[in-house]
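Please go over the structures that come below.
The two complexes that follow have chain A in common; it is paired with chain B in the first and with chain C in the second.
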Partner chain A sequence: MDIATHKGTITNKQLLLAVACFIFGSTLQSSFSIGVTKQDTWIVVITGFIVGAIVALICLTLSSKFPGKTIIEINEIVYGKVIGKVVSSLYIFVIFSSVYLNTRDVGNFIVRDTMPQTPLAAILIIFIFVCAFAVNKGIVAIVRLGFLFFLLYIIALIISIILLLNNMNFSYFSPSFTLPIMNYVQGTHIIGLIPFGEVYIFMMIYPSVDKNCKVKKSVLSGMLIAAIAMLIIAIRDWSVLGSTATIFKLPTYQTVSVIEVGETLSRAEALFSISFVVLLFFKISVMYYALMIAFAQIFNIKSYKPLTYIVGIISICLSILIYDSVSENAYFAPNIAPTYVTFFAVVLPILALLIAKARGIGRKRGCT
Partner chain B sequence: MIIFLIIVFAIIALINVPPLIREKQWRELTVYSGFFALAVTLSMLLALGVDIPSPIKGVQYIIKDVLHLNYK
Partner chain C sequence: MKNSIGKMLKICLSLLLCLALSGCWNSRELDSLAIVMGYAIDKSDEEGLVDMTAQVAVLSDGGSSDNSSSSSNTASSEAYWNITRTGSSIFTILRDYTHESSRKLYSPHNQVIIFGNDLAKNGIRDYLDFFLRDHETRLNVWILVAKDKASDILDVKPKLEKIPAIGLSDLIEDQKATSETVQIRIRDFLERLISDTTASIAPLVEVIGEGKDQIVEMSGTAVFKQDKLVGELNKTETRGLLWVLSKVNSGIITVEAPGGTADLEIVSTETQVNVEILDDGSITAHVKITESGNIGSQTGSGDLSKTDNVKILEQNMNDAITAEVFSAVEKAKELDADIFGFGDMFYKKYPQQWKSMKENWDELFNEIKVEVEVDAKLRGSGRIVKPAYPAEEE
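Up next, the complex of A and B:
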């Protein structure tokens, strides 16, 4: 496959499932908004989805102006050769940081909750090795897994809801709308930009999609499905845990561990662990692939494949050294990360759109 | 630990480099060497227990202390 053009073999349905699974991966790490918006998290999920959809539309508009081009190539066309490379390296920096931050999340989760004796590095090495293997197989191989993971996640979600019906207490939701207004703004910003806004990474993948015309519809319906799942999770978690949900690192995990049917069916959090690792594998593989394509295009090389494992090693090192403690991680995600992502998912695409309009480049409307 | 790292990097180089030389992809080889050097340095420093500045803390510094765009 020619990397410079990488013309598409992803169908729109696969793109839809890929976007949904990509966001499912983040729904399991929902702890950062629950600490901010407490019982009103479900409201913030709805407003966050609206914001996220607008962000995705901005990125999609930019992509549809330059059909068949990734964000790295668009930067070069819009800003010119030198400034384009600078902007592209910023994008590489942020995609790279998404890769190692999410890898660290997987490591933290496994070390904290399932294998406390294992060193972090051992888990990260195994995990990244599997991701690198998937990335070397190409994006088509990765998105084909989307359907399987989608089913797995939906089935796990439905089973957990049925088993938790007994434990739900909807009086935990009152009083609604009593938090300071700033908390709703921050909550909307977090949900809108971190799970949904991260879809800007798909700007590296749209060129591989078969029919560019229907991309908008597939991405938005994928996001809608994920938003519904997220809403259900927000309601389920709060109605089971109540205000104790704010003290846990992963409220979703604690919610599932409440399940106990008779004496036989308990410890269902294994179900959650599996879907967490599997969906984050999917999410990280997509971002990792986007990163490799970005490297290939910025250095103008034919194939990213020899680089994959080396970049994997670098991201293992970085994900070990970024934080000294879990509490630093817990501060970064709700307070700094939304602004950080906003810059790349909203500010830069709008700037690129304006410059493209001013210079009169890019396709006007409609699609081929 | 260091010896283990050297062995692993040697194996990776042995797998990746010969095809690049055989197909005379010099540009790829240059980029590859750059990444390889970065990976070796980072992991050696980590293995030796040297404190490496975290890129995420740099981002945090810019957003929090320079731009003041953080929450809380």
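Up next, the complex of A and C:
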């Protein structure tokens, strides 16, 4: 299998589910904005989706100008060999940091909420090696899991809603639209760019899709499904926890811990945390795969496989070293990370589009 | 051949992974745990310190079911063990227990947290923090306030259960039948604690009787201003509060009936509260209660199946419920504590005006005019239609 081109291996339906699962993987992190937007979090989920869809459209337009090319290859075509490699290495940097930041989130979640005495490294090593194994099997294998994970996630969501119906109080949502306008802007920025904007990483994967023309539709419908699920989760969490949601680190996790049916069914959050971790595995595997393809293309290597485990070990080290404390993590995620993503998912693609237009390269319009 | 050996090896390896499912560093076996059923927190005699009592369930060795039948271990071995230590904070005391207990305390099955009266008067926020923060504690534990010392409550052996804390948590569940006690989980307490104006509430418990006849009784509601205990509601006032909160589940109201009295059982209720700022700047809260009930029992000879008599009963019921609500409102104004959450309702309905109202809410709350509208309906009269009197000639 030729890694560099990798054409015609994923169907559009698989891409749709992969995009949805990729965003589901951020559910735990969607709480970033709850402290900022409080009872109006559901509003910024909607506006965030719109912003995210625009971001995805920009990336998709760029990709469709150069069918069959990843962003790394596009960079080389647009900027020329030398500057192209420089820009590409910036992309490697940001995808790499996405991989190890998300890995750290998994580690934090498991250590904090279920196994407090287990060293972070023990969990990260096991986790990254499973991801590396999946990445070596290729994107087709990863994406095939999408359907399974999608079902798992939707079923867990529906069950949690049914079991929580009793605890929901919709009066928590009023008054709406009363926060300072900047809170909505920041909330939209966070939601729009962290779960939705990260879809720009799929620019590494579009070339593997079977019918390249329908990519736009698949990606957007995948994002729409994920947005609906996130909206439901935002409403569920706030209607159960109310203003207390603002003091919890992971409101989504606290919400499912509220579930109590009679005396028999309680303490079920461990079951739900499985779905969080599994979805994060999917998200990280996709990012990890994108990273490996980027490495292979920038260094002109035939196969990325020998590098996978090395990159995995480096990301374990980085994810342990990256934060000294929880508060650094809590500050970085909502305040700095969205700005990073803005640069790579909005500014650079637009720049590339403009240069391509000025130089008159790339396909003019649509698919054939 | 070589291939199939490789396959077998892979299968064995993946089966071995199951061993890791219990976790490695944090695996804890049942026989190494001291399962805590309840905590009681009191102010210590020494300034600035607290006494915390943990009630640990003592698990019998030979299984739980045959414990009662074997007469050999009766009085000597209790089903629980209370440990009390003194310290500056909950977490330090919790670790301090290891000096006495051979097993580390395990909190996820904790049922109740009881605060002593003296401690509650000085504020309990600092002591709740640990229970909210720790990963082992649960958010559905019951919060109680003792009328006197909290540790006394955990010393009273219940008549029906083996462990006081479990007896207490069952007791709280039972309170639905009368709706004369609030049921507050740590989650509910937290919600009121982080509200700007709404006062926290918690059920009160006290020990009644002497020596062997001691029992624990639920006796009304403790009212907090922020996190400091400021007063209490009696049982009638508590139900008045619950009417407004729409939390009345059941209960008995005795009213006058033609020819005697009637005990009416509350079957279902619904309350809608509508707050308003009138043109002249005064504020009102309109409480609309819809209730339906049954005749549970009656005294005297009145025929309560007649429409006229039912009307009278319903009217009396309306008056009784209104009186309960007003008793709660008066007490709340006396304590200066917004236990009903009217402040939050104004914030929800008038977010703009609320900004200025928030500053002097204490005064505004005293001026709020509460209107009560009750629509009580009698739905049933039980198995008989008339009391057991000889038939009258008409």
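The working rule: the second predicted complex is superposed on the first by the 368 of 368 C-alpha atoms of A that agree within 3 Å, B and C clash if a C-alpha of one lies under 4 Å from a C-alpha of the other, contacts with A are read in each partner's own complex, and residues count from 1 in each chain.
Simple rule for what comes next: contacts are C-beta pairs under 8 Å (C-beta built on N, C-alpha and C of every residue); 3 or more make two chains touch, one makes a residue touch a chain.
These numbers come from a predicted model, not from an experiment.
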| item | value |
| --- | --- |
| Contacts of A:Val86 with chain B and chain C, given as first, second, both or neither | neither |
| First (chain B), second (chain C), both or neither touched by A:Pro175 | second |
| Touching partner for A:Asp113 - first (chain B), second (chain C), both, neither | second |
| Which superposed partner A:Ile247 touches (first chain B, second chain C, both, neither) | second |
| Contacts of A:Ile310 with chain B and chain C, given as first, second, both or neither | first |
| Touched partner set for A:Val258, first chain B, second chain C, both or neither | second |
| Contacts of A:Arg267 with chain B and chain C, given as first, second, both or neither | second |
| Most chain A residues touched (candidates chain B, chain C) | B |
| Touching residues on chain C, where the partner in the complex is chain A | 20, 23-26, 108, 132, 135, 138-140, 187, 190-191, 194-195, 347-349, 351-352 |
| Contact footprint of chain A on chain B as seen in their complex | 12, 16, 19-20, 25, 27-28, 31-32, 35-36, 38-39, 42-43, 46, 52, 54-57, 59-60, 63-64, 67, 69-72 |
| Residues of chain A touching chain B in the complex | 36, 93, 97, 101, 182, 186, 189, 295, 299-303, 306-307, 309-311, 313-314, 316-318, 320-323, 332, 334-336, 338-340 |
| Complex contact set, residues of chain A against chain C | 112-119, 122, 126, 171, 174-175, 178, 242-244, 246-247, 254, 257-258, 260, 266-267 |
